[in-house]
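Below you will find the structure I want to go over with you.
The letters A, B, C, D, E and F name the chains in turn, as written, and every chain counts its residues from 1.
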């Protein structure tokens, strides 16, 4: 069961915008060549191994153009896929299928790329009690879809935006005159449903954060030794998140320190699209 | 001089959407900690070598939040940048600077990533009479910005969408019963300002396209030998575009065959963000 | 310092929509009578005692119509106001002032009404360690402004929507087959920044919720005795929220039981506008 | 038969906005607990006596989320309802029902609250030849729905906005240099389909308005004796509207003076939501 | 003094949409040729005699692209203009002036065309007590501007849409079973600010309409003799509007019958743009 | 087969906007008279000879209001129609049919007017190898529909906007210091899919344009003799477009000079709506 990407007006608007961007005043190639009553069938196929994400989205892309299109997923988002595997079948107006193809694939390839790299990070630490989480380093306008793709790859989401959790960083601390006064200032006003996380750069800041009892502490760009030290100091009293420059090579070592969360910007900011294509059959 | 990204209503809406996505009902960390009258100054700095693109955009991001913010670029889009280089300075309300930071960087890092990889492809072929061009494999919603970034990296744009040029592909050809009838069908109806490009998969299709005198021929996923053969057949009479699986390693060899254009999906579909950050000073 | 209602694109759109609704194709009375170059001055005055909220909003209303209008608040949102008190002064085009008057007052009167009733609830319990919090029973389209008004009245916000906190209710519990399985199902997938609250209807449900260690427990419509019992069982281990049918008469008694939070739908669902008006001087 | 609230694009957008506001990036409680294929049935039930309004709206709320939801009203808008009465039944996806519940009820409770208070005013004067009418003191963004609810309660609508009728107030009169010149200025330019109403504050202004033959005269905040005097002076030649501080206690006395219309801001600006809820069965 | 077309959010959106339509992803001619810092001056000049309307609009068009553009009208909307006359001057960024030129002129030429033809109709009847009024036969999306242009030409507006006045036509009469029952049905429910007009096709329908005392009667496509007869029957008790197939040749004869209003669809549905152009100087 | 006006999000939004403009807060005549369950049938009939365009659009207008309406075209867009001919039948809710009638006809009459005048121009030159093309002198907001109507009348489209083709005019030439430098400046940067057209005012400019080898040359407002001279100079090497002041009387003479394209602003800027109406049967 999962966080739905159907029945969501935000996503409906993202898809509408993407179709407007690509089709604009009309697909002049297709509309001047393909008869309006021609039917066609297509398959969506991967050429690469990975984890799929976005099949529901591409269904919505085609339905937005033509509610009578018939779309059938052969596999669920979040599953591993192998080269040559058919991910979905589509049937209906040939014009619709050709007009929606690129937009649909642009979503699917990017989202599957995110799910795939996320899955690789998760595999590295799968036996350890740690979560791989995303960041706000997402593509402008696509955050809801990219965070969904992270979950499909086995990762977890960090906050969705500036509005749904507190993350106190160096500049906030400086302006407030210290971690304690920053945390107190927030705590006095914030909803009881919102957690407070503080980013610390060294162990003395960590100590200050521990004393003021925040919910989560982010260790910012610390080396492995300092992370280990930090975990010891925290003694499991609050969640610890390691962050900054995490790579596939380093992630296991970081995880082994005992941190609860490892946030990885690269899950969304530097994604290789998965090689997926559509064939008319 | 360049294709402006100011004075463009499309871009204004993209920025508005990105800010809505991140800030939503409010930046609860900043607004509960930073006094509304506190002023701050920041610098935008790169940690990586590359080509910068998007400085005008991030200016618009901050101005959208607060027209009184003061933003000053230290370099122009399209220029090479070195680790440690300051790209821009910003001054004004501390709240505004902190609230806009992530959205601004998400644009700038991605666009600079595109400019940088494009520039690498262009360097490989800089002494050859060939253009590196982009594709429609862009991030949904950001095409206008990503195509701008390609130009900043020294590349050229292919069509912007399905509406502004004709590209006849295999499925169109199959539906029309051959290249000739597809081209004729379009030619009878299309605006005289629009060029017609045909994608061919082999040399006999190429021959058919040459006979019907299209404007551009795309060689789809052909090996080097076939591309050379194709160039000979064409004799400079129409533009030839090589496409499909072009990598940094292969691009020079392809260029040396004498094709006019090489289109590279990876310029936009698999981008590593450039490592750029903001510091409050 | 406070949660800003400036620099927020959501609010800008709410104001735009309200002006469109009232002015539509034009204010035919004003535009056919008042010369376009006539200047005027006005004051915003309250006829009732209460707490003011929304002065920044009405500034934005007038500025949206005419950026050159001059608006000056005489008091800050969240302050007590007395009958006859001048809350703000406005000067500029007479047309603008007359066209924006009703929309501005509709916002200000409603928001001040919310701040005022919230303040009354808070006064009742001001010496007790309890927070008065709002609910999602807000006017469709105005939640961000109504939750701001609650804060101005001394109250606190509960979650902003279905997206930023988990609140497990009876139907969720029934579907999941019990509180434990519902909580576990969420916990496995939810972001670590999100708190989990469970609504319980009796003490045995409370016991189940305590065992699974949720962050907050809502006591739904319990009588005073049961609430007291519940507080004892919880022993301060999680936050307790009392909810359901809370009135000004009952709120102090509920607070004295030792609950941490009392949520009051009437703060926003049944509001008497404060009597505030504009006079041209 | 009635002013339709279906087939209206304005209302469709209001509903969309309300769902976006509450659901945003997703209902994390429901989506992580309730299986996507679980079906449920619910009933909408009132706990309070009153007049119902908004059942068509809540049907649209659920259909917007999921066109396959099945919604059945058991009673028509404008009817009296009794505590415990079932107003509607709903069946379909459990997720949809839970996600739309609060938004649907927020509309229905507010609109029914308006219909109910309107009905109370109308009952007071039901044997007298007078209409209870609303004002522009509505909730920003919801005017079309609130004016519909007034009609459902037996009241009538005044103008919808500044664009569809002329109402000349004190400031217009002052700027024009008197009622006559204000009315003449409008009359020279206004569409023949638009009525002209003038607000008068005393009997000498009334005399001036009678001489210039406007369509409607509003008696602003006059005491009972003056209203009686005014009615005599008017002799049925134009419509008279009493306005300002009308309460349930005073309305009958005012009506007995013989005025044609009594406008009541409190119908919409100070509404107690009717206590209506949804139960999953 | 006039119905303002500034300070109107509807008009702002119409202009934004028009610019998006023409400029889209960018003005590739201008942006690749004209340096971004080049300044230019232009004049707007008419080659044809007529009545000007829309100068405020084109000011907004250029300001929307660039708030720093300097625009100066040399004449007011509604004035007669002669061939060669300069209507406005513009100065600022050359790019902005070239990018906005066509959209600005498309508005100005069409609106001035409407003002000019309206003025011709008005001239024909200028000594008679009759109003030339427009209809709902306007260009989709531009009604507010086209109705403004009619006023600038000396004409008057009929209702703005289906929402602001009642016009009972043959199909309504048929469905209701006669004029009386149709009028009664509306009268029972409609706001007192709204007028009721009935369209009649013959004198017996006219008689029925007179008996039920509507506010305005439209004589639909009657010949001159019948119109005269109708005017006699009405005796000045209600407004009479002649409608259907009114031409410049016929309008004076119709006016001489003594009708109050003559509505002319051709004011807006068949407009010749006035020949106005921009010159860079 | 033709450029589709279905499955286009742009068109969907144009229709939505047009309905909002006319119906606004509701069709008060229809909704207060016509029962919501009354069914009706109507026919769309022309009173004038011409070429029809827009039947698909009006189908979408009615479906937007009510998806269950039944609409059946009796003829295809682009066909000749005769007075009295039935163009379409409609059946369904009487309210829907009456509410959508005017908006539907406003689209259909205008689009058919454009198709009809275009067809007249095309008839004049039907035996000659020349295309009649449109311009950007279209009604703001309706370009996509007006350009479609031109095609339905047998004409061809010029560029859709400033974004999809280069047209270098006098001001661009002046700013660049000559045709050659303007063309070179564009050519260096523009996509290879975009054609370059230059507007020339005399034969020496023509010579310059020929030397730099542009794709299309527009002869701006030249007299017949100069056009003949120009055609000779060009020798078929590039496309020649005649433009400026083309009338039905002059078009054949111009065509006989041998130009390839004749652009006619009057196709869209000065259109007489075709007389088409709806009858309830």
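Please note the rule applied: a contact is a pair of C-beta atoms (placed from the backbone, for glycine too) under 8 Å apart; a residue touches a chain by one contact, two chains touch by 3 or more.
These numbers come from a predicted model, not from an experiment.
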{"item": "Chain E against chain B, contact positions shared by both copies (same if over half, else different)", "value": "different"}
{"item": "Inter-chain centre distance, chain B versus chain D - centres from mean C-alpha coordinates, in Å", "value": "52"}
{"item": "Rounded Å distance, chain B centre to chain F centre (Cα mean)", "value": "32"}
{"item": "Chain A-chain D separation of Cα centroids, rounded to whole Å", "value": "44"}
{"item": "Junction residues of chain F - those touching two or more other chains", "value": "1-3, 23-28, 32-35, 99, 143-144, 160, 163-165, 185, 189, 194"}
{"item": "Pairwise chain contacts, counting only pairs that touch as defined", "value": "A-B, A-C, A-D, A-F, B-C, B-E, B-F, C-D, C-E, D-E, D-F, E-F"}
{"item": "Interface residues, chain A side, partner chain C - complex", "value": "1-3, 131, 133, 151, 156-160, 163-165, 185, 189, 191-195, 197, 216, 239, 241, 260-261"}
{"item": "Chain C partner contacts - residues on chain E that touch it in the complex", "value": "1-4, 7-10, 143-144, 147, 160"}
{"item": "Touch list for chain E against partner chain B, complex", "value": "16, 19-20, 23-28, 31-36, 64-66, 95-96, 99"}
{"item": "Touching residues (chain side chain E, partner chain F) in the complex", "value": "14, 17-18, 21-30, 32-35, 38, 40, 94, 98-99, 102-103, 105-107, 109-110, 113, 136-144, 160-172, 174-176, 182, 185-186, 188-190, 194, 269-273, 280"}
